[in-house]
Amino acid sequence: MAKEILLLHGPNLNLLGTREPEVYGRVTLEQINQWAGIHARRRGVELRAEQSNYEGLLIDILQTAATWASGVVFNPGAYTHTSIALRDTISAIGLPVVEIHLSNIHARESFRHVSMIAPVCIGQISGFGWQSYLLGIDALLAHLGLLPAPE
Amino acid sequence: MAKEILLLHGPNLNLLGTREPEVYGRVTLEQINQWAGIHARRRGVELRAEQSNYEGLLIDILQTAATWASGVVFNPGAYTHTSIALRDTISAIGLPVVEIHLSNIHARESFRHVSMIAPVCIGQISGFGWQSYLLGIDALLAHLGLLPAPE
Amino acid sequence: MAKEILLLHGPNLNLLGTREPEVYGRVTLEQINQWAGIHARRRGVELRAEQSNYEGLLIDILQTAATWASGVVFNPGAYTHTSIALRDTISAIGLPVVEIHLSNIHARESFRHVSMIAPVCIGQISGFGWQSYLLGIDALLAHLGLLPAPE
Amino acid sequence: MAKEILLLHGPNLNLLGTREPEVYGRVTLEQINQWAGIHARRRGVELRAEQSNYEGLLIDILQTAATWASGVVFNPGAYTHTSIALRDTISAIGLPVVEIHLSNIHARESFRHVSMIAPVCIGQISGFGWQSYLLGIDALLAHLGLLPAPE
Amino acid sequence: MAKEILLLHGPNLNLLGTREPEVYGRVTLEQINQWAGIHARRRGVELRAEQSNYEGLLIDILQTAATWASGVVFNPGAYTHTSIALRDTISAIGLPVVEIHLSNIHARESFRHVSMIAPVCIGQISGFGWQSYLLGIDALLAHLGLLPAPE
Amino acid sequence: MAKEILLLHGPNLNLLGTREPEVYGRVTLEQINQWAGIHARRRGVELRAEQSNYEGLLIDILQTAATWASGVVFNPGAYTHTSIALRDTISAIGLPVVEIHLSNIHARESFRHVSMIAPVCIGQISGFGWQSYLLGIDALLAHLGLLPAPE
Amino acid sequence: MAKEILLLHGPNLNLLGTREPEVYGRVTLEQINQWAGIHARRRGVELRAEQSNYEGLLIDILQTAATWASGVVFNPGAYTHTSIALRDTISAIGLPVVEIHLSNIHARESFRHVSMIAPVCIGQISGFGWQSYLLGIDALLAHLGLLPAPE
Amino acid sequence: MAKEILLLHGPNLNLLGTREPEVYGRVTLEQINQWAGIHARRRGVELRAEQSNYEGLLIDILQTAATWASGVVFNPGAYTHTSIALRDTISAIGLPVVEIHLSNIHARESFRHVSMIAPVCIGQISGFGWQSYLLGIDALLAHLGLLPAPE
Amino acid sequence: MAKEILLLHGPNLNLLGTREPEVYGRVTLEQINQWAGIHARRRGVELRAEQSNYEGLLIDILQTAATWASGVVFNPGAYTHTSIALRDTISAIGLPVVEIHLSNIHARESFRHVSMIAPVCIGQISGFGWQSYLLGIDALLAHLGLLPAPE
Amino acid sequence: MAKEILLLHGPNLNLLGTREPEVYGRVTLEQINQWAGIHARRRGVELRAEQSNYEGLLIDILQTAATWASGVVFNPGAYTHTSIALRDTISAIGLPVVEIHLSNIHARESFRHVSMIAPVCIGQISGFGWQSYLLGIDALLAHLGLLPAPE
Amino acid sequence: MAKEILLLHGPNLNLLGTREPEVYGRVTLEQINQWAGIHARRRGVELRAEQSNYEGLLIDILQTAATWASGVVFNPGAYTHTSIALRDTISAIGLPVVEIHLSNIHARESFRHVSMIAPVCIGQISGFGWQSYLLGIDALLAHLGLLPAPE
Amino acid sequence: MAKEILLLHGPNLNLLGTREPEVYGRVTLEQINQWAGIHARRRGVELRAEQSNYEGLLIDILQTAATWASGVVFNPGAYTHTSIALRDTISAIGLPVVEIHLSNIHARESFRHVSMIAPVCIGQISGFGWQSYLLGIDALLAHLGLLPAPE
């Protein structure tokens, strides 16, 4: 049976593509989920995507994912910099999590340079637009041993 | 003619695989360069790899790359956290640069959480071992428009 | 058709007037909403008031307001000092927002002196009790060009 | 009629005992609630236990408790260190609250050393596992004058 | 006899409208004083306006105002962030003072985020251009009980 | 033979009850020692109480306790915040130590929020007056396995 | 000919005694100058007293004092904590200066704990009300060798 | 019967005059005690002088002084900057205490600029050599109402 | 008609040469003004020199200079490190300003390392004694295009 | 024989003029060296110019300069803010060094405001483009007594 | 007559070897004193060893050592990081002191990285176990001219 | 075969003895190497000495030393405080390293108090001039078990 992974989007990411296209581009969250799904299926895994503006609901989703997912690609949005609760959830569920960001958070305001989440993730990918999600899937699959070194 | 990109390794990365294998694994820098080369060629680009322990030589290499490369995948090693000079070089040469790290720098000592380099790069990838290099190549190619969205 | 603006109250503001009247006075949130409504209608605009203790719901409300409101008068309560998510929402929706506070936050504990919200608002009004809401409405209307200079 | 007190658990505490038993032990939240209930009844008070991963719902629960409870034993989990909103709720409702923690937060990462909640509580108990809850009940009852000095 | 209030402008505000109109607009200080005067008179109070670039003279003016004014609307300009002396004057004279700013100081350089003055004022209004002055007058009058709640 | 535990009081605690009763109450240190002794004996352990204003003597007492005590309930008073030497003693002697405080140190001056001692103790109890000592005894006994969960 | 010393008062000290008598007492600046004059004359020196709210004028007065005074007793008021200019003046004129304060600045807000002036003065006297001035005169005279040790 | 005051010297002050005379002068502690005694007796009060290098003994002496002294002139030496315990003692005993220093601590290393003791004293006198002790006696007597204003 | 530039000296610079010659040398402000005048005239521009110890007057002078001067060479003295008001004036008047200092401020106390003024000036020259003024004139003239590159 | 001075350029300055001309202008390093040479020769001194991207080579060059040069005009580029080693070299060789910068470092990112080099130089010149080099030569010559005051 | 030096051990060092041997080894303080004595005698000097847990007694011992010792090898233990009093004693007695530590304090918690003592010692030796004491003796003897360079 | 150890000197140490002899003494690096060689040979080990001003070359030398040396005595000079790269090299090569300094770095500027290198070394010796090198050799040999305790 195919492995399944969770693609989780934090606060305000539901607005992608429909607002401020000059900043965030015209790619919608739906489009990203679709491309990510194709990308994942080509590598033999299924994707379930979820989004919430609620820190509490994101915690619920992550806790439930522990029962079905092999790993998580997570864009925590603004909660990246403040949520110890999400950090604790990731520590508790024991799933491998890859933190990703659309924009290069290290090139923005200084309060966006620090991630409360990254220290409990496998790693962090930041700055490559919607491509960050695809890179995150590859990074997670490599960690799961599903993406071998090229020969 | 095929595009060329520079794969640049900073201080101490020449030791990879031959020392402390329990920490950094048994993959050598040579092996990474080889895998990265295969990975790049499959995407239609050529790779040139260089390594130096000298901040000054890394600057020289980057300056020269401006004359032949389409972009750079750069693991600045320990200079990540201190080198304003490398930051200035990247700003000056105008090439797209992807900063990558083997280990998850956000999960290590606090002085490794800040990157002087990342703010002038496209983005940063950190924590996926040798896979970080392959992800970095994909990120760079996507930025260059050579890696289209999956349909 | 009359313009509409959103009057948004953050956490704990539902307790106004019914508890600790010696501190916050005996004016209830309902009373404030009523006075603010009268005040707004006299200036030719309609008011919709909402309150929530959930950061996530406040984000939802603000996102939705982008579809009907001309602007927002927002008392973010305690989320003022910690919520990057609400800040991002305000940036994303593009509506003019006036941040207001009942108490003078600059005269309280030092962690209340900094607002994560204010830098993306038109301005901030702090310290005038329920009158802060009415001043906030005037400030918003002036910004919208609905309150001309006196001649 | 017997006094009633609220036993309130913050984010991720629903996972207790079922995950990472080597870290948090095999005692579940249900078990703690049961033991705490017995402990309280022996001292003549009834206990109602609630848990939520939502900061907003915790605020709601605390606000409602003001209508029926004599006091609160509260483990705010990760919100301890960031939630000014919960602090404001506790100030507003006027109930005596005892802050408790399973682990010794003063022996963990430095961002866990500071509590935004403790300054508005009667006191704080930290580090005694599930026993912290029972100690918290005793501390609350003593504050309420229900636990006299031994003669 | 009509109440009188002082409208006090700090350093560089005499330049308003005549220089950098693309930044500060074309409204002059004279115009603001005139509009503010009309606005105040409509509410039954008289206004006296003063401006100085001297911290010492601003102190003198405030000290003297204690003998004739019912309150002060004060734009301390750059002294906002550095003048403990003006803070002490406001504490000493016992008049209600409303601090106002043309620009949103919370959205500018970080050294402008902190006000030495605000903790001893009734409140602060920041970011609404010349309208800030009119809002400040209303805030002061409400504090003085001259602006009742709308019925 | 009954277990023995040390009840150790730091600087200025000898003044309890005889001075500033409006602040610290009228309960003397002798009274606390007596109540704590009764409380402990009811749980089958003996108590020895000591007090000193000397950091050096507190170190001596703790070092000696390693030869006879099963654990320590320790109110380090003002040395809580400054004494690395007491911290080192607790680390060295290997006895379980519970840190307790009469007042809620987290609600006082900021220099009282940090404990140099707590990171090497089992846990910390703060804010419950003389009851803190009794809670501390229970916490220590539970740690020693002498206070079972209620059935 | 009798020595002369300058008694210099900084901003807001002209208000002494006439405002907020419950805080600063009913002693006026004139009264202090008179008592200080008597106190000085009994020790054989003449006093000239000056006050200004202007930092610039205080600098002028100190510069001029270099031509006639043997030393200065200086209460810099709020400029204590911010004025590098007054510090430079004191360094430049080479007169011995005693810094004095009516209130105990070390027991007030933290921004009043640091003096920019004290490092270039002989010493600082703080907290003794109008008596601080008389103590300052004695301290200055002792420094000038005019107040011998008691035999 | 004559009032009595305690003259208390902290660590290393017993070395005065016998070592490093080029720095601290040739006046011994004995000489200072003698001069201070004469100075006090001329004002009608008796002096008892004590010195200790032990923080604990200084606490003991201050606690005992509460039974016989009307006030304390205290040079806490190096403990000024670190001893919360001595601060607590002074708060507890309720005697008026004047903090004095031989050298100008505000002109020395930055760690000597902050006093943990001063906030609970009447005031602080710093920088006037042995004269600081005599000024301290006068300051204490004035506080006790034994040194009237000059007429 | 010849261009005119303002040579502006801040607080305490009127003392130059007459006091502390071993520190600041024997060159007076008058001498500097004379040499600077000759230097400027040789380059075809006229100089007007002003000095004040008043921050307010320095603001007035700069504001007025906007009506007649082509640029300013400004030694802000101690106001360099504290005056946001002077910074705002320079921003407002739009004249090119060169900040100069006699001493090397970067080699002095750390509070002199930061300039509030420099970020709104063309540049800063620091450390060359009276020669700093002449260098400042050349720097300003080069900025104004009056000092061509040597051929 | 003519005096000789070293003109030393740090990392990335070899790129001047050929890249990012819209930022740094079209003047090349070669051009600057030529203009500086002419400027120096007109004042009777010879110039040797060197550039390196290596911190180590810059140290070597400075050490060697001690054998032939009378002084140094040094643009340390990015090493300004991090190199304690270059600071130590300048201290060790005893030559007078003038630190210069093309851009106004005080108006850029905050990490560029602090110079590790300036405290051991005669002074610093910052912000005047290629003219900074010529001003630096004049500043050095004035320090060497080769540029007399204008008569 | 043979020179004598003091070997002084601070708090908790009396526990060496008898407790936590897996951490500190099985070498006791007595053994160290014996080895150090042999080591010193071979170099022609006598050793007196003392230990105390009291900061005050350590001060007393150091003060007395000034009457008989030629120098001190001092392990201040935990007082290293907090004791300004011991620092002042070392400054006052004028004896050469070598600070030594068993463990590498620079590799432990950050509060152990700073020494209040080292700045007034000849130097510091840290990290070599009991060998640190012998190295300390050699370092002291070299300073005293008793250990010549090898030929 | 005799053991070999590397004696490594960082930037500017090649200048020893030939410049600023009043500061660093007249002992040259050559002399130190000779004395250290004799000292080592007497203890049965051979010494190879190297010096470089290049951080990169120091890394190269350390990496190579891993193939032949038993340990390193390293004076990193100014790189002590900034080089994470050298720290990483020491971690990677696994050789025991002793950090030594000629001067007492803890008594100099505060930026010299922190060592980036020491946490990965056995220990640190600082302040004993050329003797520091000999002490460093002994410390290294003791660590290697080549210097037994004296019997």
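In this document, chain identifiers A, B, C, D, E, F, G, H, I, J, K and L correspond to the written order of the chains, with residue numbering beginning at 1 in each.
The criterion applied here is as follows: contacts are C-beta pairs under 8 Å (C-beta built on N, C-alpha and C of every residue); 3 or more make two chains touch, one makes a residue touch a chain.
Every value quoted in this text rests on a predicted model; they were computed, and no experiment measured them.
By residue number, more than half of the contact pairs of C-D reappear in one of the listed pairs C-E, A-B or A-C, namely A-C. Of the two chain pairs examined here, F-H and C-E, the one linked by more C-beta pairs in contact is C-E. Chain C and chain G, compared by their mean Cα positions, are separated by 49 Å.
The distance from the centre of chain D to the centre of chain G, with each centre set as the mean of the Cα atoms, comes to 55 Å. In this assembly, the C-alpha centroid of chain B lies 64 Å from the C-alpha centroid of chain H.
Chain centres here are Cα averages; for chain G and chain I they lie 33 Å apart. Shared interface positions of chain L, i.e. residues touching 2 or more other chains, are given as 54-57, 82.
Chain F meets chain D in the complex at residues 35, 38-39, 42, 104, 106-107, 113-115, 118-128, 130-132, 134-135, 138-139, 142-143, 147, 149-151.
Put simply, chain G touches chain I in their complex at residues 54-57, 59-60, 63, 66, 82-85, 87-89, 91-94, 116. Within the complex formed with chain H, the chain F residues making contact are 10-12, 14-15, 19-20, 52-57, 77-79, 81-82, 111-112.
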